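Next up: the structures, one after another.
Both complexes below contain subunit A, partnered by subunit B and then by subunit C.
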Partner chain A sequence: MNKAGKALIELRQMDELADMESPVHSIHALIKLIVTITYIVLVVSFHKYDFTGLLIMVIYPLFLFNLSGVPIKTCFYKLRLIIPLVCMVGVFNPIFDREVLVHVGNVGISGGVISMITLMMKGVFSLMASFLLISTTKIDALCAGLRMVKCPSMLVTLTLLTYRYISVLTEEVAIMSDAYHLRAPGQKGVHYKAWGSFLGQLLLRSMDRADELYNSMQLRGFAGEFYYADRKRIGVKDIIYLIVWVGIFFFFRYVNVIGLIGNMIF
Partner chain B sequence: MHMADALLSPPVAIVMDCATASMLALSVVKLRKDDSEQRLPTMAVTAALVFAGQMINYSIPGTGSSGHLCGGMLLSALLGPYAGFLSMSVILAIQCLFFADGGLMALGANIWNMAFYGCFVGYFLIWRPIMRRQSNSKGGVRGKIILASILGCVITLQMGAFSVCVETTASGISDLPFGGFLALMQPIHLAIGLIEGGITAAVLTFVYQARPELVKDAQIMDGGSKSKHALRNTLIVLGVAAGVVAGGFSLLASSKPDGLEWSLFGNAEDGYSENMGLDEEKYGVDSGMKDNAEAVQDKTSFLPDYGFKGNEENPAGTMVSGLVGAAIVAAAVVGLCFLGGFFRKRKAHAKTE
Partner chain C sequence: MIEFKNISFSYDKDTPVLKGISFTINDGESVGLIGANGAGKSTIMKIMLGLLAPSEGEVLVDGVLVEKTSLSDVRRKLGFVLQDSDNQLFMPTVFEDMMFAPLNYKMTKEEAENKVDEVLESLDLMYLKNRYNHRISGGEKRMAAIATILAMEPEAILMDEPTTALDPVNRRIVINTINKLPQLKLILDMILDTCERVILLSKGGIVADGRTEDVLTDKETLEANRMELPLCLQGYKGKVCF
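Right after this comes the complex of A and B.
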């Protein structure tokens, strides 16, 4: 299957996950967005050697995966995109930072190794949090939430329209790629002589499609903004969800629970 | 070039988010002013097309490998800088949310690195100046499209890669020295830029041949079309220059005394003359007021001597100070402009009453 086909499957999968029903899915989109951003900011703000302090933050994604029923393996598949740059940056830490910070038995662990592991953990945790946000929230609900905080209608409408059209055009690209490769077996990509015409043809058709789309939207009374039939209000349950999670995050950020437990035992 | 959240510290990410939000707001205001809301479907379909176009593998002649399109320059050449910037931002947001390509907190930095340079720097400083040069034939315009696309993609990708290095170093994430990081990032992105430039040029020349009206500024000029230096262009050039000076050159500035300091105290340690030969410690007037002022300054300055407190050796601290300083000054200027507009409106309102 070509890249476009795989992207379509991923998109559909995310839509299906967001369509599920669970206590997490029923929380207001704006509240989930605020909780997610707070979590990411606090996770990233941990010191590069604070491995034990950071470890406890795994509770949030694990609890939410459990509560929402979203499969964790789908999330790990997405790590392939962000891990390379994180690794490229982190892999030099053990080379440049060789000061031994911790001894485990006779083995000394350098600061560089700890900071590399912490960096990877930060990458994985923050990715899990944003994955959980979008796999438990429909894009329409998220956009409606953004409108509640006065995000410009132009930006929100553009996001919704683009999202809808991505599936249409990606499907066309998938069909075109398959057709091209069936006629050019063994060729790795589109030949340089067809670079312009391959995407250019689709672009010309898409521009005509955009005109037709605009005309049909105008006939239905479109005046620059979409209207949401059931704009959900923020309830008591949502406020409690926000306060509890944000409270837990700040507690874990400033109290090293794992260190305290360790001190109690040793 | 999509950065994960882990590669940025919260202060750097927030500065980049604010910078990007201000550019988004500017774009929305500009498009509303031009009554471009009717172009939303065109913007959405073109953005979706660029997103889908990124999935196509293009074989690179003579190498056996393949490259793909990024789209910033393509969007600004088709839609203009403001609509292009909004569309590219939406693509990056969707990639971040649905494909985990780039972090949510780092979205501002990613939009800045990939959309700002491609759409604004690429359009105003590369695409438009080249396209407005005199040409009498379709072949001439095609040549200009090819030149502008390749130059635009190479330069804006280099700027994006440079920004990634600056942002990561300023965040203190990596122990890799800034120079080493640059040496890793810039050559890779030079190759990527050339390939992307080639693909963008091929698509745009194809579109120009079929429907010339779809490509911005691609009309045949009969001469005498010297572009004027509009205030907007000047402001953009000044803004970019200020960013480069504040962020990049503050590294150099940190260890050298400024002109006034140098003329008074000299820099004998570095082999310069002593000039007025004054002792920096003893110079000045001793008074209780001076001590109090110093105590207040020490407590209030969160970036003393343009570096982080207690970490004067760290060049990243100096650079962050430069960027934060520039951001604060920019915010103050914008605030003053808003205040000015607010009072002007009130005055006009009072007059009509």
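Right after this comes the complex of A and C.
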């Protein structure tokens, strides 16, 4: 199977993960979206040297991985290309910020190293939270949630159709890639001379298919507004989930729990 | 009832695809539309559904003129099964795909769910309900595509080569299913035991329109229009067509 085919399978696996049944999956999509955004905003807002304060925020993704049944290794596997990029963000901090802030034994740790680790943690935590949101929430439910808070219909429909278009595009890449390599044995990738026609054909083919799909939708009554089968009301359990998590996030943001524990022990 | 009145169409000025075509299909009738590649079969379907506008003539569906302002009403009456089921099934699961049309046509969620169950039960497809579209076989996809159309309660069903690329067993299942449907059916294919009437198209015009056994045994006309007798009439002993 070619890389596009594998990518397509991974994409579909995300749909299947989101369709699992667990206490986290059953929470209303809008509530999960709000909790995730709050989490990310608060994680990002930690001071660059507040390593210990930030560390406790790992509880949210760990708890959710455990409760939802989404394997944590799947998260790191699917984010394998993005995580190194996120980690690169603070990689030069140790060079520019050399002032020693902490001593561990006889080893002095500079502010640059701490801020680098903090930045990496912020990135990884935010990615994990985003991954948990999309792996426990179906895209339709998410879009239905966005419509509930009066997000413009066009924007939401565009998001949904773009998501669907990714599958169409990937499918076409997989088919074309197979067709190419069957007539170009031993070649790695597509030869640069064929890039133009390959991309042009890909665009035309995927547009044709997208057009067919759109026709199919129109012929079944689609008039610009999606009516989501997953649309449901926000219940008491959803509200409790929201209050508890947001409360915990703010508590952790303003109270350095790990620092307090450390002070009590030492 | 579908009425095609003197329809002409061309994608560009020099090459007309349809030249003044007229025919009527009555309620409950099952009609096959056949012809060589490029004869205009798909174009007829698209004009009927309002996806293409004719350059001349008019189409009436149940007395309603197919035009921009009536598209919603017309499409509510016509269910179209695409040739490629992958283009028809765009939601993750069969259930969600089947819910799509009823919800668009303002059924409540409960009504839509009941309709989906009713259709799946009538087609003996309950086992497909929560399956992922990308995990079912080609034959199952075709059946699911038909089910998605039936869930919108159309008065007529148009099908673009519904049995292409199916193995014999799946082909038979699909044909039996089509035969059970009470609606008006227009099928782009030569399904002998489904269509009671066949329209033969060639070069943008109708060259034969009549009972299936009459049109499909007319070797001369078929061959003059790049078609051939069904295999079972070509001297294969023991095969019965009609």
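We adopt the following convention: the second predicted complex is superposed on the first by the 233 of 266 C-alpha atoms of A that agree within 3 Å, B and C clash if a C-alpha of one lies under 4 Å from a C-alpha of the other, contacts with A are read in each partner's own complex, and residues count from 1 in each chain.
One rule holds for everything that comes next: a contact is a pair of C-beta atoms (placed from the backbone, for glycine too) under 8 Å apart; a residue touches a chain by one contact, two chains touch by 3 or more.
Predicted model, so just to flag it, every value in this text is computed and none were measured.
**Q** State whether A:L213 touches subunit B only (first), subunit C only (second), both chains, or neither.
**A** both
**Q** In the overlay, answer first, second, both or neither for which of subunit B and subunit C A:N263 touches.
**A** neither
**Q** In the superposed model, does subunit B or subunit C contact more residues of subunit A?
**A** Touching more residues of subunit A than the other partner does is B.
**Q** Report for A:N106: first if it touches subunit B alone, second if subunit C alone, otherwise both or neither.
**A** neither
**Q** Scan A:I37 for contacts with subunit B and subunit C and give back first, second, both or neither.
**A** first
**Q** I'd like to know which partner A:S126 touches here: subunit B for first, subunit C for second, both or neither.
**A** Touch partner of A:S126: subunit B, not subunit C.
**Q** Need the overlap of the two footprints on subunit A, from subunit B and from subunit C, as residue ranges.
**A** Residues 164, 209, 213, 217 of subunit A touch both subunit B and subunit C.
**Q** For the complex, give me every residue of subunit A touching subunit C.
**A** These residues of subunit A touch subunit C: 12, 15-16, 19, 138, 140, 164, 209, 212-213, 215-223, 227-231.
**Q** Along subunit B, where are the residues that touch subunit A in the complex?
**A** 1-10, 13, 24-25, 28, 31-32, 37-38, 40-49, 51-53, 55-61, 64-67, 69, 78, 86-87, 89-91, 93-94, 96-105, 168, 172-177, 180-181, 184, 198-199, 202-207, 210-211, 214
**Q** Mind listing the subunit C positions that touch subunit A in their complex?
**A** 49, 51, 72, 75-76, 78-80, 82, 84, 87-88, 90-93, 95-96, 99-101, 103-105, 109, 112, 132, 134, 148-149, 152
**Q** Could you list, by residue number, the parts of subunit A that touch subunit B in their complex?
**A** Listed in rising order, the residues are 2-4, 7, 10-11, 14, 36-37, 40-41, 43-45, 48, 75, 78-79, 81-82, 85-86, 88-90, 92-93, 95-97, 112, 115, 119-120, 122-123, 126-127, 129-131, 133-134, 139, 152, 154-155, 157-159, 161-166, 168-170, 172-174, 177, 187-192, 195-204, 206-207, 209-211, 213-214, 217, 224.
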